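There are two complexes below, and they share subunit A, which is joined by subunit B in the first and by subunit C in the second.
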Partner chain A sequence: MAAKEAEQTEIEVENEELQEDIAPGDCGSAMLIASDSFDSLVGNDYETELAIKKKKSHINEIVRQGSFEQEDSCGEQADVNHIGPYGDATTPSASEESSGEQSDPSMTKELSAVLDEISKSPDHDDDDVKTPEWKAQSKHVFILSDSGKPVYSRYGNEDKLVTVFGVMQALVSFVQDSAHDSIRSLVAGEHRIIFLHHENIILVCVTRGSESDRLIRIQLNYLYNQILSVLTLSTLKKIFKQRRNYDLRRQLSGSEKFLDSLLTMMEREPGLLLSAVRCLPLECQTRDMIAQSIVQHAKVKDLVFALIIANSQLVTLVRMKKYFLHPMDLHIIINLINAAESFKAAESWTPICLPKFDSSGFLQAHISYLDEACQTCLLLLTVDRDSFFTLSGCKTKITERLIKYNGLKAISDSLRKDSYNISKCGISDLRHFLYKNKSTAQYTSPELEAPYLSPGEQERLFGLYHYLHNRIHSSARPLKILYHVGQYEALLGWVTQGFELYAVFSPLVTKSLAINAVNKLMAWIRKEASRLFILESVTF
Partner chain B sequence: MKQTAEMSRAQITLQNFFIFNPTYGPREGEEHKKIMFYYPKTEDIDTKIKKVGLCEALVTFACTFTDKPCEALHTQKTRQVFLQPEKDFWFIMTVSVPYTEKTRDGQTVVEYHDEDVQDTVLEALLRQAYRMYTLFNGSIYALLEKLEGNVESLQSRFDHFFSRYLQTLRPASSDILDVFCGISFLPLDKNTYLRVQCFINTLEATFPTVKYTAFLYNDQLVWSGLEQDDMRIMYKYLTTSLFPSYLEQELQASGTSPPSLLDEQNLGKIPRVYVNTEVENEECLLLVYRALSASVCMLINTASSPVTFELCKNMDSFLGPQLSVIASEIGEQYSSKRPSSEPVFKYIYFNHMNLAQKTTIHADHKKTSGVFVSQETLKLLSDISSDLQRNNQDGETFVRTLNDCWVVGKKSDQREMVVVINQKNLNLIEVNDEVKKLCGMSFNSIFFQD
Partner chain C sequence: MRVSGCVAEAGAAHLAEVGSPVARGPWTFSDIISSHPEDEEDVDDTYKVMLIGDSGTGKTCLLVRFKDGAFLSGSFISTVGIDFRNKVVEVDGTKVKLQIWDTAGQERFRSVTHAYYRDANALLLLYDVTNKSSFDNIRAWLTEINEYAQEDVVIMLLGNKADMSGERMIRDHGVAFMETSAKTGMNVELAFMAIARDLKMKKMRQPSDPTFNVAEYVDSQKKTPGCCS
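== the complex of A and B ==
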């Protein structure tokens, strides 16, 4: 009897510890770039990286490899006088309309002038935009050129917000010129106004939300990358070198919706917070078969990446040896197919720049849906601009094989089950969680269930994750464990070398129950890892 | 890792401190009239005008999105906090963000440590500066009225006060205690406490000109007749400024000590303070009488009979014998309770209702003899506390740092406690038990949510 009791307590003592062993979901070779450094997501690293490391253009590298036989290597200008993506054919050129333009007056604007402008704004034409509803929006985003020309506003017509844009530009340049400093953020009551200044572009976010300044900066950088994905960094630089006060909207017309949808995606998709990608749960043989279908039927020269995405989740990714995809680029791709309905109508051929992969040039993307319901999207990314018909042929063969071996059915079955719900894990007291495997940059998370069904509650849940993530990843005072008991739930954030886990419990859970639940959860993830994650990195 | 590549980290330093009123000098070319006070004085007028202009622009810009006033501006190199304590008067304080220089690929890269500077702490310092000013000058508008709108006199009052006050400002060693800005109370047994109260009643009855009284023993408050907010700033003044300079005088009988009232010449030097306990901006003279370690602070309304040498002598003969007896009685209790060197539990307790504060993390309130935890842990304490404060709910937070140090924050019904547990290899459950033990030992009458 006594022995049995002793045994029991021993077990309990064991369970009190968080069991930290290998991170479930680890695999030998990753296909995504696992970056843990937030600076790389936030920073103005493009210029410095290029300057310091003399980073080579991946695209040129691939093109050169292929063009030894052919003489007409044109990779280097691939990005310049190119037809813009998304069907926009305008090309910036120095001659265009340059006659009437002078140096932008806003560049030399004194701060006092700006003050005058704001103070007289009651009778200004912004009035129809700056309504109480406009003011009450919980998250504004403004993008402008560094000469103060509006590029994008999430709410309200940019043309009617010229004063707001003018003031933002003036603040940025005033702090820069007068103190050789840079403005980062302003706090006023519940509002925070966050500035991100890239070489030619200023991005400003005004928020009442729970995101940390650092996360907002990552989000603004996503938006910047979205712009680059349409233009390339080289083109952007070239445009502003030729004319500082160029109206960038001419180049971006039609792509506002991508910025809008990216902002919506940020509110719902934890992957952007975690810098990780969610995979569609599939049996590993099925996933293997799908990948092999691509490898077999898309062995085409110059094809860099081939991937299948279903409902914003990654099904498979096949890559050229040596090249990896950054989660940020993958999110840009997911956003592209989410926002553009037109891809559903027909096979498409569109240029896209993946800024983390190579910000200097375009890849050419063959985009098509493999099923009638338009859920399963195949993307073939190449550096060869003339391979549409070859890739279209590949697509047909891949589809045939996927139908033959029930690959598409497996995908749609998994989609129908809507990922998985928390009851699958069989752990009481656990309400929701996010688990990220660091080395593969993949994460998994169950469906949102009660009490997190209403938009308000979802926002609150995300707020809790933001809080956990921000405190744990503080650059000055990072943490290993954060356990918080609040009025509505208990939270655990736990970060090790290999993984990050954020779990939400009912508020009355005891600490030992919570730890027990987490250990069970880790065991469950370990058991399910081959289904939840892509463990095999497939190359052509 | 990090340490090897890092050079020494520069400290947070005060860059500027200014007060402006945008309604003075609204016309172009008159911008300098807006400036009520500016530190450092050596700054050229153009820079002053520019800095004030930027603040104005930010305040107006923020209005586009919110009706709440600006609180803080973060730039890469600086942190600026804003306070508008009275209509149109803005107090601004800027500190530098600490940085390190690193060598990367042969190039020197400056890295700024934004998270080393905490808005809550700076905002508390700025609020404290304003409150300290009003303790000695009354509110700005009350003074302006008295000065019949003479802005220049107001400027010289600001100058007189702040140029000395700022010398004592130490943003680098400010921490969560400045955010709480609480009062350390001395717990006494019932009899002694009643004796103190009885003594104060007799004092106030014998000398009716004494309007408010506070009784302190060393740096701890025993009894106060002042309203909480007045006592909070008065306590700050007594414990960080008056008492230390008095002790200095005792030690070396030199220069800048408070004037003794047993010298008739010093009567004119009695400090004037302004309190809001009964009416706003009530002007009083502050007399402090000290015997052994006990101090009695007496506030005498300036409108009643003046403080004469006669009165001081009478007070001395009344207070002297009685206070010494009480002081030695408390001394006996106090010495038996005095904690020995480094505490077993390192914690800070603060009660938002009565401002009671207790710390075993700081060697003393003045923070002169240092703290028992690292600067990083100290900053983590304010992070955790401000998170709990922001949610405005009861709750608790346990965190484990990279060095395996545990920090626990608890908030329950306006009471807050942060604990540092530096034992390695403890798990969450064990830490929870430790905290329970502490609560049982030190706060057994206070309920903390489990």
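== the complex of A and C ==
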């Protein structure tokens, strides 16, 4: 952590000096599910969540509202028996299957040996994958099945890392079997090893970085959600119920790039840390017009969500009454369109599971770009598998209307580099900030400018935000306000019931100046709220 | 393009024989393979064509070659879900719209694409001539087609990447077959045109008319690598 090395002076500021009132950007009706609680993202709550959802799977609910009760129309019966045309050829044999179950007491000895090995020699060389480059990576992520089969490795070929995967599986199952407990993290030298264990999937992060364990666990959870969005939780369970030793890579082949890009997104996108979505600044009349274009031209039965995303920022979201989108699901959607080049070439129709919305089934997504430059992406999410042509027609009409009323131009203007820089706030010494409105789960943040233009500097800046966020949300000693002077900048974090604000100042600013600036910033955000945030929740 | 040019001309001659009632003067390349994406209103027929086959066999490349006449070189862009493109072609002076579904080859999309098989009028099944396992999987694909597709679906087997040299894997599966190359364009137009013609013939055919055999048709028209190149 850069801040650690810096000479630190930390003062907790008294509350009175900051003028706290309602959070700018509040609106009567939200469209995203606000989840300000940092920890709620981490929990292994899928089991209980699913148990509840069994009673009311959103997708089934919507399908049932239709006049036809077609049982197979929501795609949840993804048939594991027909996993592929190759069927039996690759079915794991019975002997393989039994090898997956290991719980013998002799493991204890083996395990301590393994533990020794890990802790004593990070440079222990027994595999050709463990090249200097492989070892030099500061953050490794491994995903494996319960029985220790490799699923994904951020770097290197999983097949050559089987021993590493085996060790991780052993660690998890050892703690589970011997202590009826679950392993959360290990420290080995300068590495931290963080585990997240879901029912069939184990996710492990090995890092030298400074992120908190909690943050890493959120990130691992995102990766787990990414896997669910490809397979659905029901399919995942079914697969492993049938064959405990199944090689999940067969089902995930081609989607490794989504895991890769999600990991990159986590390093650059504060929205995942904040559990909030960044909106593209637009005049509220323009945004209204865009939303109305969708409402008018996409009034289609079974359409659940319609959204426009430009450069990872939300332009508008129209939803079916009763249903809301979780920011985590929205991040999964953003990652999908960022990672897949193929959407730019043609209209696409793809199944996607939004785990927070309904982890038991797929929604069908009609994905298309509205402009030549492929900046503005329209997504129409439905439960009806046969509505591609209907939605394709909607897309054409929406595009026509957006061109007619200059909607696409407004979007591309707002995307221009200089359209949202920090100087627009008119506050000297303020370099950058993140402001999240908790009730709407939206955040706003200006473009990065000098000195945060190089990747290294950006990483350092996000390191500072992580630090600030972690200190404020510390479970042992949660803070409301934190003023921190680091080596290169001063930071101020301020969290109330309604909002979270993280601001970065030049290092020479004084505490009172910073507080003054923050008050000014809040006034500016309040003034600009209708442009910076989506305040209207539009429904079909 | 010379390759496909001569294929197309050969196709024209054949087409006059098979039963175009109105003989039109000398055929030119653009007469036969003309695309009018703009005026989609006045098409006479619309057919759904699906591209299927293992991941990485070149389905998208084949389609882009047919639609835009270009070759997608460089990095491997894998399709997510199903991509959709229209192409209007002319068969015997009538416009036929091909709605082409380009599917992802990855296994996870199989259960999804099954649902669309039954709507397809024609299936182009691809394998990669340089990849043995994609060839071995043809049988499994055909089984799947039998299970999910319409009974009268038109099937064409394409061995793609035929520009690559190497030993040929050919086995008779009882369906129309040819080798194609999205890179050079060899047989690409022919594959789609043969499909379009077959679908049209099927629709127009009176019970007394002779059947149009797409397998024989492509056999008489196709180029094999080495010829013309």
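The criterion applied here is as follows: the second predicted complex is superposed on the first by the 455 of 540 C-alpha atoms of A that agree within 3 Å, B and C clash if a C-alpha of one lies under 4 Å from a C-alpha of the other, contacts with A are read in each partner's own complex, and residues count from 1 in each chain.
What we mean here is this: a contact is a pair of C-beta atoms (placed from the backbone, for glycine too) under 8 Å apart; a residue touches a chain by one contact, two chains touch by 3 or more.
Here the structure is a predicted model, which means the values were calculated and not measured.
Once the two complexes are overlaid on the shared chain, A:170 sits against subunit B while remaining clear of subunit C.
When the two complexes are overlaid on their common chain A, residue A:443 makes contact with neither subunit B nor subunit C.
Of the two partners subunit B and subunit C, it is B that touches the larger number of subunit A residues.
Of the two partner chains placed by the overlay, neither subunit B nor subunit C lies in contact with A:224.
In the superposed pair of complexes, A:342 makes contact with subunit C only, with no contact to subunit B.
In the superposed model, A:251 makes contact with subunit C only, not with subunit B.
Contact with subunit B, but none with subunit C, is seen for A:185 once the two complexes are overlaid on the shared chain.
In the superposed pair of complexes, A:385 makes contact with subunit C only, with no contact to subunit B. In the superposed model, A:142 makes contact with neither subunit B nor subunit C.
Looking at the complex, you find that subunit B touches subunit A at residues 28, 31, 50, 53-54, 56-58, 60-62, 64-78, 104-105, 107, 113-116, 119, 376, 379-380, 383, 387, 391, 393-402, 404, 427-430, 432, 449. The part of subunit C that touches subunit A in the complex is made up of residues 55, 60, 64, 77-85, 102, 104-112, 114-115, 137, 140-141, 143-144.
By the touch rule above, subunit A contacts subunit B in their complex via residues 16-18, 52, 111-112, 114-115, 118-119, 130, 135, 140, 164, 167-168, 170-171, 174-175, 178-179, 181-191, 193, 206, 213, 467, 471, 474-487, 511-512, 515. By the touch criterion stated above, subunit A contacts subunit C in their complex at residues 75, 78-79, 82-87, 230-231, 250-255, 257, 336, 340-343, 345-351, 362, 365, 385, 388, 392.
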